[in-house]
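Below is one structure. I have some questions about it.
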């Protein structure tokens, strides 16, 4: 504990993910005084076509020409 | 807010997802009077082999012969 | 299927929740042509002190006077 | 109900998943006396590079040389 | 790993939860050969008014007399 | 985006949660260069009787004397 889930749009590099989980873990360890070993992080990459704000997908289907 | 997660079996087209997030967002905006911008939707496609009912995994629908 | 999770801030009435799940279910049934019985919705009420945007909780702890 | 989500590292075979969902379902049915039909399980495969303990991402196990 | 989340309707006793997590853990350990220590389970109790099937909450608001 | 869910055992103070979400947000903003406004965090407090490792709840039911 804690178990942390990070939902973010796809496309981050392996290096960016490595930096991210290290930074979050350090932040949690410092903020609430838990041992680093207890911090688990799951990254969930989301496709652009699987995330919507205000009813619109981040990547819309191409329009047919007319 | 709200943040909505939709788990569904894989295979819907991009157009179907676009229609779905628009419909859900409109429903939420009307039902509980929040601004459209505040509605975020995450779609999680599930592979057929990753979903089980009564202890049995779903199977991919058979392809139509041709 | 689908299984839908709605995260929203606490305080909606029972009637509002009933209206909300009906509206979302109708939207899903119409948008992607699934039977109503297959639509399951889990509402997760969040306390204001358990949701943050930009690093700030929706309800912050009282400040000590100085 | 219940709806169960299993997060595990990628790489299990279809047979292993089939065995797993059957075993969990039987366990739940026996332990809390619900009908098998009511038990739904979602498996979420995680890439090794999407899971971290103590701030370090898991690595793909090395392939044995041959 | 694995990390398992069990969503179920509120009202199970403490004993039933203890039996449930033991049974699921044993099932997982046997089915996919992971060490017991690696199995983490989160139980999420849901209020009856926070779960809907077919657009109807498990516990509906009382009707006004007429 | 990103949307982050933090599952942790109940009992943290309001101040600790405020410190935690600020620290995580700063970490994410620095690590992957997203604007602070885009970072949303949901804290999920878990009761000790709702979390198990190795098949044992963090708080077990009292044993009957013998």
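So that you can tell them apart, the chains are marked A, B, C, D, E and F in the order they are listed, and the count of residues begins at 1 in each.
As a convention for this text, a residue touches a chain if its C-beta (ideal position, glycine included) is under 8 Å from a C-beta of that chain, and two chains touch if they have at least 3 such contacts.
Nothing here was measured: the structure is a model prediction, and the numbers come from that model.
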Check your understanding: Which neighbours does subunit B have in common with subunit D?
Key -> A, C
Check your understanding: In this assembly, which chains make contact with subunit C and also with subunit D?
Key -> B, E
Exercise for review: Look at both sides of the subunit E and subunit F contact and report whether the same residue positions are involved, with over half shared, or different ones.
Suggested key: different
Point to revise | C-E or A-E - the one linked by more C-beta pairs in contact | key: C-E
Practice item. Go ahead and note the Å separation of the Cα centroids belonging to subunit D and subunit F. Key: 22
Review point. CA centre of subunit A versus CA centre of subunit F: separation in Å?
Key: 16
Study note, to complete from the structure: Averaging C-alpha coordinates per chain, one finds the centres of subunit B and subunit F separated by a number of Å equal to 27
**Study point:** In subunit C, residues with contacts to at least two other chains
**Key:** 3, 7, 22, 24, 26, 40, 42, 51
Review point. What topology does the chain contact graph adopt: line, ring, star, complete, or other?
Key: other
**Study point:** All chain pairs that touch each other
**Key:** A-B, A-D, A-E, A-F, B-C, B-D, B-F, C-D, C-E, C-F, D-E, E-F
Check your understanding: Which of the residues in subunit C end up touching subunit F in this complex?
Key -> 7, 46, 49-57, 60-61
Study note, to complete from the structure: Residue set of subunit A touching subunit E in the complex reads 3, 40, 42
Point to revise | Interface residues, subunit B side, partner subunit A - complex | key: 14-15, 17-18, 21-22, 24-26, 36-37, 39-45
Review point. Along subunit F, where are the residues that touch subunit A in the complex?
Key: 1-9, 12, 16, 19-20, 22-24, 26-28, 30-32, 51
